[in-house]
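Next come two complexes built around chain A: one with chain B, the other with chain C.
For the complex of A and B:
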C-alpha cells in the first residue's frame, strides 16, 4: 500500500529540489522545520520520533535538506516526514507536513472486526510493521 | 445627515412621559452625538422606509423596536434606568445607487448601538430575539436588513465558541498544509444504508478526507438512521485502513426532537465517529446544546446552513450571512458552509471572502468592499473551518485555492460521484488537483494565471484528473450575484 498521509502523497515522490522549494516556502513564513521518523505510521501514532528538535534558528533551506539526508542515512527503512511549526498566537501548531521518505516496502494495515451487541462492530486498525520484534524494528535506529 | 438639529425630549421627563404617541426620535432613540462604547453591541441595518417616513425617524424606530420601545408612551419606563436599555441610533447614511434616478427605492444604513445589559450571557436565542425579534415586521419600514454586527469582546467572552476549531481539528486529523476535501453523497434520497456506505467507501478510498450526509438525510423510509450510521462506519474504517489517513463521514443527527438528536449523537460516539452534523434549521438553542455535547465528547461539529437563503439572499430584507456566520461562530460550530463564489449557489466573490474572514480571523478587519462594516475582535475564540460546497469541480482548483487558501473544506459532490470512471477516480482527480496546485503555489507559481497549465501537467500522469477536466471543462455558473456589498466610499463605520 501507499501511505497517503501528508500534503503531497498523491503526487509522485518529491525530489530533493522540490522538497527544498516547499521548505523555503515555510521559512518565508517564519515557520520552524522539524524532521520526524517512524516505522509505525498508524494514523493515531501522533508522536513519531524526533530527529533532533525543531530547527528554530535555521533559516536556510539547505540546512534542512542536510539534516534530512542525515536522517535518511540512519533511518532509511522507515517513514520520514517534515513538519513546519508556526508559533503565531492562535495557531501555535503545525502548518505544513509531508512525507519525504518511505520504506521500499510499505506494509500497511489490517482491519480487525469484533462483532458486538446488536449489529455493532468494534474496529481495530493494526499496522503490520508493529508485528516485527523490537530488535528488527529499531535495528536501523541511531 | 448626522448634524441634523434634533432635540430629543428624553431629558425632559414631564413632556416625555405624558400619555400618548411620540415620535421615536423624540423618545431618546436618536442620539446623533452618541459615541458607542467598547462594550456596546453595534448593528448596521439597511432600511427602506415607507414613502413619507423620514429616514431618521425610521432609524430611531428600528432602535426603539429592537430594544425597549412600544408604540405608545409608558410611565413604567420611569421605574427603570431606561437610558441604559434604550438602543441608540446614532448615524444614518444614504446607500449609494438607491433612490431617485435608480430602480431601487431610497435605502439607508442605520447604525444602532445597544448596551451590554440588554443581552443574556452566552445566548444566541436572546441576542437574536432582541435584535431581529420584532423589527423586521415593523410597518413603517418597507424592508429591513441586518447587514453587520460588531459584538463587543465582553460579550464574545461569554460564548465557548467552536468545540474543536480549525487548529485542533487539523491536529486530530493529522492533516496540515492543504485544504481538506469532502463530498456530499448523491443521490440525496433513496439509497439504502448498504448502497450509501458503498459511495462513502469509494469516495474516501479515492482520496477524500470527509464524506457528508446531505441536509435532508435524516431517517426516512428508505434508510433508517442507525442503518446509515453502521454502514458508514464500516466504510470509513475500511478507507482508513487502505490509506493510513484519518477520515470521517459527517453523520447528520438532525431530528424532530433534541432527545432524538442526543440519541443519534450518542450512537455516533459509540461507533467511534469523529464528526457529527446538524442543519441550521434546528435553531440556535438546539445548535448551542449540540455544541456543548460535542465539546464534552471530543466530536467535531459540522453545520449545514440549510434554509439560510430564505433570509440572507435578498439585499433589501433579511439578515446578511456574515451576521449568521458571526452568530454561529459564537454558538459554536466547527464547520460552516460559507459559499464557493465559483459554484452553482449564490455568492459574489468578495462578499463570500468576507464570510470566510468572519469564520477564520483572530481579528476581522473593517473591509467595506467585502461587506465588513466593523472591526471584530474574536478574543481568541476558536476558528470555524469554512466549507465550499455546491457545483464545484477539479478544473476550478486554482480559483478555489486563490480565493480561499488552505483552511477550507472543498466539497465536490457531483464533481466526485459524477466522474465518468467512477467515484474513486473522481475523488483521486480532486486530490491530485489539490495537491498539485498547492505544491505549485508554494513553489511561487502564479496559480491565477498558470492554473489550467498546472492541472494539465498533472493530468498527463493522472488519468482520472484528465477525465475530470475533459468532462467538466465547460461547466461554469456565471450569473450576476444578488447580494453584493454597497458602501459609502469614505469609511463611515464606527472604528
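For the complex of A and C:
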C-alpha cells in the first residue's frame, strides 16, 4: 500500500530533477531544507530521524540532492522525506514536506479492533512492517 | 542527473536552421562582455589573468554553441588554481569569476563561498567530513574559493585531518562538475609543493592562473583608483611623495602589493585627519579630501632607510 504523507504523495514519485526544482522553489523563499528518514512511517510518528543537521545558507538545490543521495545510500531501505523550515517570524515551522524516497515493497497498515468495557471498540493502526526486525522491514516477501 | 541532461538537451538541441551560429550574438546575449569590461576598468595590470579569463569565456561560449549542434557531450572541467604573491587580486578575481561563469550559464547561481582550512577541517575524528560536506553543499550552484589551500595538507603530521578534507573535495570535484567550480588560491611556491604531494588534485585542476606582481606604475594607478573610490585625491606634492613611497616600499620585506598600498593609504588618511584637527583654520571640502606629501612623508618607510628587518609598519 502506497504511503501518502506530505505534499505530492498522490502523484507518481518525483524524479531527481523535479525534487531539485521543488527544493529550489523553497530556497527562493528562504526556507532551510532538512532530510529525515524512518523505517516506521506510522502517521503519528511525527519525528523521523534527522539525516545530518538542517541545511542553512544553501543557494542551490544540488546541495540537498547531494545529501539526499548519501542518505539513500545509507538508509535506502526505508522512507526519506525532505522538509522546508520557514524561519519567518510568526511562522517558524515546517512549511513544506514531501517524501523523496520509499522502499520497493510497502506493506502498509492494519486496522486492529479491540473490544473494551461495555462493548466499547478501540481502534489501533499498526504498520505491518513494524512487526519485523529493522533489517527486514521492507524486504520483498519471499 | 540523467533527467537533467535530457531536459537541457531538449531545450538547447535546437540547431539553427541555416546551420550557423553567431558567436558574437551569443556573447551579447550572455552579457559577459560587460563583466570583462568592468574587469578591465577596475583591475589594473594583471594582463595574463585577463587574457586567461577571456580565453575561458570564449571557450565556454564555443562549448555552448557546440551544444546547440549536439557536439558537446560532457561539460568542460573548470576547476582552477590562482597562484601569486599576497595582494595581487586573487580573491577579487575569484568573485568576478563566479559572476562570469554565471552569465555564461556554467554555474546556476553564481555566488562565491570563500573558505580556508578552518572551515573545512575538523578538530577530532569524524568532524571533518560533515564540515567539508556542509561547505560543499553551500557552494553548490556557485564557486568554492579555498584560500591558502596548501594548509589543507600538512605532511609533518600524518594523522592530520586535512587529508580527509582533500579526499572529499576531490570526489566532489569529479562527481559534481556541473554543480560546483572549485578555485584554489595561494602563494606560488607553496601551491607547487601542495600539488606535488597531491597528484590527484593537480590532475583535476585544468586551469592554473598565475597572478604577477604589480609594477610601480601599476601600483600608482591602483593607489589613485583606491583613493577615488574613497573620495580622496592626492595633490601634486602628494603624488610625488606617493611615487617615492611606492619605490621604497616595494623593496622592503613583507611587501604585499595592493594590500600594502591600501594600508599605506589608510594610515595616510589617519595622519591627514590628525593634521586637519591640529590646524587652527576651518576646513573646506577640498581640504577634507586632499592628501598631501606631509601625510605620506611621515611614514616610517621614509624615516628608516636601513630598517630592513622591519615588517609591515607605519
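By our rule, the second predicted complex is superposed on the first by the 130 of 142 C-alpha atoms of A that agree within 3 Å, B and C clash if a C-alpha of one lies under 4 Å from a C-alpha of the other, contacts with A are read in each partner's own complex, and residues count from 1 in each chain.
In the analysis below, a residue touches a chain if its C-beta (ideal position, glycine included) is under 8 Å from a C-beta of that chain, and two chains touch if they have at least 3 such contacts.
The model shown is predicted, which means the values in this text are computed figures rather than measured ones.
J.: So, on chain A, is it clash or fit between chain B and chain C?
T.: Superposition check on chain A shows chain B and chain C fit without a clash.
J.: Between chain B (first) and chain C (second), which does A:22 come into contact with in this model arrangement: first, second, both, or neither?
T.: first
J.: What angle, in steps of 10 degrees, lies at chain A between chain B and chain C when each chain is taken as its C-alpha centre?
T.: 100
J.: For A:30, decide between first (touching chain B), second (touching chain C), both and neither.
T.: neither
J.: Have a look at where A:120 lands relative to chain B and chain C in the superposition and call it first, second, both or neither.
T.: After superposition on chain A, A:120 lies in contact with chain B alone.
J.: Have a look at where A:64 lands relative to chain B and chain C in the superposition and call it first, second, both or neither.
T.: In the superposition, A:64 touches chain C alone.
J.: May I ask you to name which of chain B and chain C touches more residues of chain A?
T.: Counting contacted residues of chain A, the larger count belongs to B.
J.: Looking at the overlay, what does A:52 touch: chain B (first), chain C (second), both, or neither?
T.: second
J.: Scan A:111 for contacts with chain B and chain C and give back first, second, both or neither.
T.: In the superposed model, A:111 contacts chain B only, not chain C.
J.: For A:12, decide between first (touching chain B), second (touching chain C), both and neither.
T.: First partner only.
J.: Which value, in Å, gives the least CA distance between chain B and chain C in the superposed three-chain arrangement?
T.: 14
J.: Which chain A residues are contacted by chain C in one complex and by chain B in the other?
T.: 18
J.: Mind pulling up the chain B residues that touch chain A in the complex?
T.: Its residues touching chain A are 167, 170-171, 174, 176-178, 207, 230, 233-234, 237-238, 240-246, 270-272, 362, 380, 383, 428, 431-432, 435-436, 438-439, 442-444, 458, 461.
J.: Which stretch or stretches of chain C touch chain A in the complex?
T.: 1, 3-4, 7, 108-109, 111, 130, 133-134, 136-142, 172, 176, 179-180
J.: Touching residues of chain A toward chain C in the complex: what are they?
T.: 15-18, 20, 52-53, 55, 57-64, 66-67, 70
J.: Using the touch rule from the top, collect the residues of chain A that touch chain B in their complex.
T.: Against chain B, the touching part of chain A is residues 1, 3-5, 7-12, 14, 18, 21-22, 25, 41-44, 46, 83-84, 89-98, 108-111, 119-121, 123, 125.
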